[in-house]
Amino acid sequence: MEFIVVSTLNGFVYGLLLFMVSAGLTLIFGMMGVVNFAHASLYMLGAYLSFTITRATNFWVGLLIAPLIVATVGIFIERFMLRRVHGFGHSQQLLLTFGIAFVVEEVVKVFWGNFPIAYRPPGFLSGAAFTIFGTNFPSYRVFVAVVAILLLGMLYLLLQKTRIGIIVRASVQRPAMVSALGHNVPLIFLGVFGVGAWMAGLAGAVGGALLTTSPTMAAEMSVIAFVVVVVGGLGSLLGAFISSLLIGLLTSFSVGFQVSLADLANVFGFGDAARRIGGLLTLDVASLSASLPALLMLIVLLTRPAGLMGDRN
Amino acid sequence: MTQAAIELAGLKKRFGDNEIIRGVDLAVREHERHALIGPNGAGKSTLFHLISGLYTPSAGDILLNGRSIGGLPPHLITRRGLSRSFQITTIFPRLSVQENLRIAAMSKHGRRYALFSLARNAKEVNRDTDQLMELVRLSHVRDKFAGDLTYSEQRALEIGMAMGPGADVILLDEPMAGMSREETHYMIDLIRNVTVGKTLLVVEHDMEVVFSLCDRISVLVYGELIATGRPDDIRSNARVQEAYLGEVVA
Amino acid sequence: MLRLITLALVGAVLIAAPLFLEPHSIGVLTTALIAALFAMAFNLLSGRAGMLSFGHAAYFAIGGFAVIHTMQAVESGAIWLPTPLVPLMGGVAGLIGGLGAGFFATRRSGVYFSMVTLALAEMLHALAPNLGGFFGGEVGLTSMRMPWLAFDYGSENQVYFTVLAWTVFGIALLYAYNQTLFGRLTVGLRESERRISFLGYNAHHTKIIVFGVSAMFSGIAGGLLAFATESMNYSMLGMGMSASVVLHTFVGGSTVFLGPALGALIFALFGSLVSDLTKNWLLYQGILFVLIMMFMGDGLAMLWIRIVNECRSRNWDALRQRVLLLIPGLLITVGAITILEVTSKILDQQQYATSVARMNAWPPVSVFGVSWDPTSALTWLLPLVAILVGIGFVYLILARKMQQRTGTIIMSREPAR
Amino acid sequence: MKKFLLTTALTAMAAFGSSAAQAEQLKVAIIESFSGPTAQTAIPFVEGMRYGFSKLNAQGGFNGEPIAVVEYDALNQPAAASEKLKSAIAEGARIVFTSTNSAVAAQLSEDIRKYNLRNKGKEILLMMAGSEAFELVAEKCNFWAFKTASNPFIRIKALVAAMKDTGKLGSKVYSINQNYSYGVDHERAQAASVAAAGSKIVGSTLHDVSKIQDFSPYIASIKASGADTVLSGNWGNDIILFMRALGDSGIKVNVGNTSLDTTGAVSAMGEAALGALLVKLYNLEAGGEAGKAFAEDFKSAIGHYPYNEEPTGVFSTLLLGAALKAVSKPNAKVDTLQIALALEDASYETPAGSWSIRKDDHQVILPVTVSEISKDARYKVDGTDMGFKLLKIVSPEDSAVPADPKCKMQRP
């Protein structure tokens, strides 16, 4: 019981953080057909910038300013880089963002060094929010969850209740049609890219202090964010939300299961034979927890290729 | 009476709750030129996609020369002898005209996994490619990229590629879409030429084309066939008049 | 004709290389050749068949591991195989691995395909450390090349010529592949998979075979690396290896047959030379890639072809413009590198910060053999001015070009998803 | 980043210019990852080596000539390291140093073994200062390679012994490690040592290396097991994140680890790290006055205290120095076989105790220190008010583990 409650809480917080990063990724894909390899790099920039600003001023200023700078960077990337190669097709854009991700990682290494930096929650958030089964649940985790939920609410209102939201949702479905109706689609693209980058920056600013801020955080987040988006269905926000939580919980629960295929074989009386074969059969689920999201993605791709909530391939 | 080349029996297609094709029965006779007309949204393209294998039928069956092809994937249907063109030009834009047609012609000779024969030594394939090129009158642009051709040349290539696999039954999806009057006449002539001795099923909006090219016409309205017959019968059919109220009837 | 002469010249240089290069440069050239074959194999899939794989390191590494196991078996006398034929086993393993992975990956197209390949490679990478028996754990697997006939395979040159022969053979086979009927069909896949299946081809099977062939040649390349270094390590499965082959291929140009090989040679030599000069070499490599993607999307090989064509058609205007562009290009490069290097040296926490703390001053740093005082405004202004002037020049030159022509399409737009 | 050392190389080149003909200069190559993710661990080792060689050259170098040291970037890839080795050999290097990356060390060791087989009389010697993988002295042991680093078995044996002595080893131990050969060795070592100390392993887990973002699920699982002590061989982010998640949870357990001293780690962990135990090869508080003198001298030469792995670099170099001294003859040729044989008999007295090489597997036999992260430490690290307070020095005899029977060394 204790394990279930604690794992659920942790998985939930991690899942919400994942959603903050993948929401922008999936929106941008939905509208522009671009899988932005550099999206997780924006998340990393958010963490590093917020760390530096926090040092000079305080945590709240960092939380406010860093995502705005990241949004500016995102807008620059869209306006002056991606749009330049727009005519050459999606794979050219994919490759370009791939290159940008590569460059951002190296730039971070130049400015902040090739090791994790000491970005930690501010003092007033470092205590325990509540105690559950004798384990402290840190206030910072609660804070991250609150930020993510606020963001989610804001995004929902923006997309469902405003005119801009309607146009954006329409652009995701039928970009050409929206353009034909006289809306400035490039401007909408720019806006969505900016908002997506802002969310990634915000996720970095809060997530960097929760997890680690290091030059490899982008690459690690990148793979998971892709998994979230693919599992949820490319272009589907609701799908991204569900799969973020799913993957958060999956990661959080899987480490508690020290069961291997060999143990499973034991039930049928082949345990010893399986252990003799060794290799894959004797690995337990807990030790594979980081590859489980990728496995989930493969299963989803092969059984429900459009993703949980996707409506097109 | 000759055998039916294509026979649709109680064919239905649903998307969710939406029934697009609502029980179509149709027999296209061997060696006839048959047109499928109908107002926008009648389900003509869906019917084509069903026959050519892009969609699987929800109910009913499709027979090609008496054998069922309902639910087969497109490549198997093509191998059974039915080949189609697309409304939106689907050629290989960054390959030359000759390469485009050669890929189409290779299929006729079953050279599908020819990993060990050089393209320039494949005599039969190359001969067929040249013939196709003559047939659709594109020999003068054989080395041009397909993407660089004029629109009407691309449409001709589109038809040429549909002819490539050597199928006896040809489906053409709006071959005249977006063409000028002059180009249309040229294309009617071309289609007539290339489909000599074949069965043709064509979706077309241009009634002039339909009436001058085809032996028989079927009218599809809201997923149901309301009439099939010779051009004159269709012209005078009351239900067709009604369906086309406000639309062009030549 | 010109093409044949160029090829003959390159061939002659490669064959004669051991005469004028030191042994360790031959080693660099050996790895460059392997990277070239890998990029060519990768491009069969990504460039010709239009399936962009982000996990091709998997097949490269599978080939490598197969070869190292074969070499161990030959060394222990368990099997007999002439040493120069050992890399063949990499091809066999790559083919098997590629057909298996290809079966899954090619069920999807476009972006999905890229993601599946990425996930497959990441899974193998995550699993490899757990499967010490096959992948050898952290320290990897090693073996030794056995002598064969008159060759002991102990010298750099013998290894080099073996690798050269395999690379040339591999590239020649890939060229021949492109000339076959199936090779022509492969390009059709890139252009329109839908049309391919409506022409009577089983697109899925066709894609699996292309994937398999690409993985086979990748496996040979991986096998050559195992052969040349006599070792293999699971780090070869990492994202870095998959990324570098993407970089190589598209910097060289995926639309020209030898483009990927050119890109691989350039980057392999760049890495080897520049990594000795600055620790920021990866950054420069990345910037170079981004610039090429932005300004000459079809790569350096295509640039070369354009220049040759301009020479042939005596298009002096275009050529003059290219030469003119070199000057601001150089200005921008020098300016940017200076700023980056000075910055990176100052921010180098291990080295510079400690000396700042010790001397309580900001000592000058040396870049390009010139010493730059970080506290002087000139240090920052000079390169900045160089960059701005350069950019200004580029605009001037290009503004004239824009007037002359209304812009031509370099690469036709890809068909929609 | 092939950088000539300012002090050593300049004098060496000057010497090379003036009196080249008589003696053969000893050239040493440091092949290490200066770029890539392990650079942060590599640089302290290299600083230690730089300091060590400047000492050796100040004492007269080798064969009457200064020792020349050249650094090569291994790019954190075995294949690149192999290429750099070729460069180094072509430029005349006879002794090669490497540290952090065990895969690179294994590659170099194999390459050198083969090179030496093929080039009799021109053999190369390898010093592995910091490559912890146990295989290097087991299956992969090699006469030409000397391992001046510990391994999981040595470290954990010392750690558990010290924890037991100081009452910090509880009765229920949880073992968490990275899922690859190094982590698996740690798991085995922990199981053996804990059993020998009379405690019980109540849970044991292996997780993917550098991929876990959130360790709190593992903490939940530790709590569920009821463990009062956690042993871990994790390094890099994997230990930082683990310690933070542990601190956040408020669970009180003793922690023993091997890599808490990585640059930036203490500041990244913050107060959560307090009380954790670190087993490492050297602690600055060791050795009384001699230790203090060493720390100060290092600081004046390099610019900071050798908090981290610098001492390993220094002592490895000076252990080699002891062997060089034994065979140094003015104007003689460089004979690496002689140096290797001398190294087998050499020993070096560090402020914490003596370092020497075991002939059977070329594993260094050395003292090991166990420290606690505390605000009472004499030397603070990472700009925090915390540091590593020396708890215990485990003598070379007590930390040593027997040579592995899989090591079948072929002597020339």
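As written, the chains take the letters A, B, C and D, and residue 1 is the first residue of each chain.
We take it that a contact is a pair of C-beta atoms (placed from the backbone, for glycine too) under 8 Å apart; a residue touches a chain by one contact, two chains touch by 3 or more.
Here the structure is a predicted model, which means the values were calculated and not measured.
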TODO: Provide the labels of all chains in contact with chain B and in contact with chain D.
DONE: C
Open item on the list: Quick check on this structure: which chain has its C-alpha centroid closest to the centroid of all protein C-alpha atoms?
Closed with: C
Task: Chain whose mean Cα position lies farthest from chain D - done: B
Task: Centroid distance [mean C-alpha coordinates] between chain C and chain B, Å - done: 45
Open item on the list: Need the CA-centroid distance for the pair chain C / chain D, whole Å please.
Closed with: 34
TODO: Measure off the straight-line distance from the CA centroid of chain A to the CA centroid of chain C, and report it in whole Å.
DONE: 29
Task: Where chain D touches two or more other chains at once, by residue number - done: 35, 39, 179, 208, 211
TODO: For chain A, write out the residues touching at least two other chains, lowest number first.
DONE: 113, 287-288, 290-291
TODO: Among the residues of chain B, pick out those that touch two or more other chains and give their numbers.
DONE: none
TODO: Chain pairs that touch, all of them, please.
DONE: A-C, A-D, B-C, C-D
- [ ] Over in the complex, which chain C residues touch chain B? Could you list them?
- [x] 176-177, 179-185, 187-188, 190-192, 194-203, 205-206, 209, 412, 415
TODO: Give every residue of chain C touching chain A within the complex, in rising order.
DONE: 50, 52, 104, 107-112, 114-116, 118-120, 122-123, 126-127, 130-131, 133-134, 239, 243, 246-247, 250, 280, 282-283, 285-287, 289-290, 293-294, 297, 340, 343-344, 347-349, 409-411, 413-414, 417
Open item on the list: For the complex, give me every residue of chain A touching chain C.
Closed with: 29, 33, 35, 81, 84-85, 87-92, 94-96, 98-100, 102-103, 105-107, 109-113, 219, 223, 226-227, 230, 234, 278-280, 283, 287-288, 290-291, 294-295, 297-298, 301-302, 305, 313
Open item on the list: Residue numbers of chain D touching chain A in their complex, please.
Closed with: 35-37, 39-40, 179, 205-208, 210-214, 216-221, 223-224, 236-237, 240-241, 244, 248-251, 262-265, 267-268, 270, 382
- [ ] Name, in rising order, each residue of chain C that touches chain D in their complex.
- [x] 22-24, 27-28, 31, 126, 129-130, 132, 137-140, 142, 144, 152, 154-156, 225, 229-231, 233, 235-236, 240, 271-272, 275-279, 281-282, 350, 354-355, 357-358
